[in-house]
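Listed below are the structures to be examined.
In what follows, chain A forms one complex with chain B and a second complex with chain C.
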Partner chain A sequence: MGHVIEHMFLFLVFPGLLFTAAVGFLLQWGDRRLAAMLQWRVGPPPAQPVWDVAKLLGKEVIVPEQAWRRGFLALPFVALSAAALAATLIWSAALQIDVAPVGDLIVVLYVLAIPALAVMLGAACSGNPLGAVGASREMKLILAYELPFVIAIVVAVFQRRTLGEEVVSASTLSLSGLVEFQKEVGAIIARPSGLLAFIVALLCCHAKLGLVPFDMAEAECEIGEGAHIEFSGALLGLLRLTRALLTAALPVLLVTVFWGGMEQSAGGGAVFLLKVLLIVVIHVLIRSTSPRVRIDQAMRFFWGPATLLALIALLLAGSGA
Partner chain B sequence: MAISTLLLRALKKSPWVFHVGTSGCNNCDIEIADCMTPRFDVERFGVRLVGSPRHADVLLLSGPISRGCRRAVQEAYLQMPAPKVVLLVGTCACSMGIYRDAYSVAGPADQVILEVDRNARLVYVPGCPPKPETIIAGVVKLLEALA
Partner chain C sequence: MAHVIRIGPYHPLQEEPASFLLTVEGERVIDIDVQLGYIHKGLERLAEQRTYDMVPLLLERICGICSATHSINFCHAVEDILGLAVPPRARYIRTIVGELERIHSHLLWVGLAGHFIGYETVFMWAWKYREPVLDMYEQLTGHRQNSALPQVGGVRRDLPEQAFPEVRRTLDALDGQVEMLTGAVLDDPVLAARLSGVGVLTAEQALAYGVVGPTARASGLATDVRADEPYAAYPELDWKVITRSEGDVFAKAVVRLLELKESIGLVRQAMEKLPPGPINAGPLHVPRGEGIGRYEAPRGEDVHYVRSNGTNMPERVKVRAPSYVNIPSFRASCIGQTISDVTLTLAACDPCYSCTERMAVVRDAGGGSEITFSDLVRLGREKTLRIARELGRKPDLDLEIG
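Moving on to the complex of A and B:
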């Protein structure tokens, strides 16, 4: 029983839902503020993402007549709980809280795909033709970015180093195992293969977060917010919360897998935070300086250059570079 | 009570706007776009333009309501989740302006909305076109009307 309570605490409060949401709201504000500064504007106040979600939670929920009611109402909850679970696993590994199952890397990869799938199914349930267009684009985007993303993560798993006489290899499917490995031989990103894989994974995370130029699934001026079009009130609030959780979880995943994770000291925490912030800044710079691409261009990009880069990184990792 | 006050406060902190250009001359639309520019930057107050009436708190109408788009405007209003308000920008939207008595106009914008919701809350921003400052002042009045 105590076990259950402990796990519920990890999932709902720290480092799961509440904590990650708080960090995610802060990062989202930073994102909007920085984007505004790049456009020579002032931008919203720090509490803006919280006000947005609070407002949405208080508004009327409309279920369209043609919608499949149960699916439409349930899927935002599925998206949110999957994002919270992924956030719990990622942050636990980053903060070295010992709860993760063996092979949590695989679990995280699977669970991270669920929010996008849930949004896609929700849009399909809504019975809106523009929602269906958004869902179809979301599906194509998932197919496009999952392949290079998984290859990039596998590059980290295949890392090996020669320390004097002995060869040390990562060969682990747990996030904390990767952190241990990097403590021993240095960050994966410092090697050519690791750097290439990191760049590919960063671009895939950009698409996972649905940021410009990969926001064609919810193009607001083209298909009226696409996959989100029929969601109103609290349901939309849950989807925004899901986005906030992913904003706080994906950069942490990248830092944990490729960039050495967090050292257990005050300075280590600060360095970790700086790395996460740097990744968020890169996301903002990409999103505020590029226009939206078409879905076929995005697929060509992810299956072409991105996958190629990831495969080169894999070969380099295989040869020990 | 406390929770509803909090939600109302949240609504005032983040009014999301769905803009319908109702066959005006496009001048008001340009002034509305000006509100988003660095000089005026309404995102400071949490204002966002959204692409679907389902996400909106404010329905922004610019221009007289022509017969062609009367149904569309009413439908967009009905599809918005409560609580919602209507912001009428420009002389044409407020009182039909130079389009008064024209054969193609369906009536004043407020009448078109009141036809489908007798208790609709409306805010008028006159001007031809209104300056961005005036539109922002209108948004402030609108937020006061919510309280």
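Moving on to the complex of A and C:
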């Protein structure tokens, strides 16, 4: 029984839902404030992302007549729980809380794909033609970025180093194993293969977060929020909350897998936070300096240059570089 | 399977009331239909109930952007009836006002174009640069948007020449900013990849659909009323008609950006050469007759028709704004494209829906009931009373329904 309560606490409060949401809201505020600075605007106050979601949670939910009601109502919860689960696993590895199952890396990759799938299915349930267009774009986008993303993560798993006579290899499917490995031999990002894989994974995370230039599934100017079009009130609030969780979880995942994770000290925490912030800044710079591309252009990008880069990184990792 | 998706009636791009029905197969658009009639204001009818001196003030309100366009063009049409030559100073003042309007209109479009493609930074920067242009407009005319300057036979007020030095300084700063913006757009590989080859309107199609303004000039047709049928001070100033041959969305953006530079030059020259003398022809009597006005609005050729019956009010005023002839060309430029490209193409001719608006007549809608003006008044009052009753307070109206 105590075990269940402990796990529920990990999932719902720390480091899962509540904690990640708080970090996510802060990062979203930083993101919006920085984008505003680039665009000669003032930007919102720190609590704005919280108010946005809180306001939505208190509003009426409208279910379209033509929607498949059960699916439409359930899928935002699926998206949120998947994001919270992924966040719990990622943070547990980063903070070295010893709860994660063996092979949690695979679980994380799998669970991270669920929010996008849920949004896609929710849009398909809504019965709105614009939602259907958004769903089809979301599906194509998932197909496009998952391949290079997985390859990039595998690059980290395949890392090996020669320490004197001894060859050390990561060869682990657990996030904390990767952190241990990097403690021993240094950050994966410091090697050419690691850096390449990190760049590819960062771009895939950019698409996972639905940021410009890869926001075509929502594209408010074209298809009026597309996949989100029929979601209103609390359901939309849940989707926004999911986005906030991912905003925090994905950079943490990148830092954990490629950039050494967190040192167990006060200074280590600060350095970790700086790395996460740097990734958020890169996201902001990309989204503020590019136009939205068409879905076919996005697919060509991810299956072409991005996958190629990831494969090169994989070959480099195989040869020990 | 084909299905119809609707962009509008609140246009998600421009927050204006127009509706585009796209018949799509997957993402490919196979047919397009335009529905207007959501915001008919009846301005032509109202213009027939105003004196010639009042109508320009009314027609300024046709469009939120082209205020000088419509009021000057009405004057052109009436001056055509009169066979009147406008005093030189008034011609130069009209040029300055008209070109400032073109500058702020093109900057507005560049910003919106950035917004359409999710490039919010361009949106914010273009509109930031547009703000001083509106300030200049205010310094010169007293208002950011509606100058109330054009008058049949000239202009109503003179420009304050003491403001010219500051306007020149603002223009100098704007010159650099526009150059930077043009360079940023022309050199951006992602923008080129996104916009080139999208929504191509060939020169033949442009001619067949009779498109005007930057939409035509981007397809290689050198049509510009300022050059073809010169008015105001344009023949006396040094400028050139910008054309591009590609006909795609990128070419339309380039044409507008390069025109910005020409317009800045025109304002500078017109201020430099502003001749002394009277600013209008004095009180006029408009005889019986018909007149046509042509004017190069920021979006293309604007045509006004005025018929006079010899009284002090026009008998008929007819406005044909440029968007009205540009919008049908979507059939040529949009069909076969994807939804993402179509929404860009729709925006690329800078459609102005209030100018384009026509009364929509619904035939055989069933019921056969007809609502008159007094019916509308009665329904409005009933609603006010009902709301008051629901809120449990005394109605603001102290009226009997009868």
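In this text, the second predicted complex is superposed on the first by the 321 of 321 C-alpha atoms of A that agree within 3 Å, B and C clash if a C-alpha of one lies under 4 Å from a C-alpha of the other, contacts with A are read in each partner's own complex, and residues count from 1 in each chain.
The rule we apply is simple: a contact is a pair of C-beta atoms (placed from the backbone, for glycine too) under 8 Å apart; a residue touches a chain by one contact, two chains touch by 3 or more.
Quick caveat, the model's predicted, so the values are computed rather than measured.
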Touched partner set for A:212, first chain B, second chain C, both or neither: second
Which of chain B and chain C A:220 touches, first, second, both or neither: both
Which superposed partner A:96 touches (first chain B, second chain C, both, neither): neither
Partner chain(s) touched by A:41 [first = chain B, second = chain C, both, neither]: both
First (chain B), second (chain C), both or neither touched by A:297: second
Partner chain(s) touched by A:61 [first = chain B, second = chain C, both, neither]: first
Contacts of A:51 with chain B and chain C, given as first, second, both or neither: first
Partner chain(s) touched by A:169 [first = chain B, second = chain C, both, neither]: neither
Overlap of the chain B and chain C footprints on chain A, listed as residue numbers: 39-41, 219-221, 223-224
Residue numbers on chain B that touch chain A, as the complex places them: 4, 6-8, 10-11, 13-14, 37-38, 41, 43-44, 46, 49-52, 54-55, 57, 79, 81-83
Footprint of chain B on chain A - complex, ascending: 32, 36, 39-45, 47-48, 51-52, 54-55, 57-62, 219-221, 223-225, 228-233, 236
Residues on chain C engaged by chain A in the complex (per definition of touch): 3-5, 12-13, 24, 26-27, 114-125, 128, 190-191, 193-194, 338-341, 343
For the chain A and chain C complex, residues of the former touching the latter: 35, 38-41, 129-130, 133, 136-137, 212-213, 215-216, 219-224, 288-297
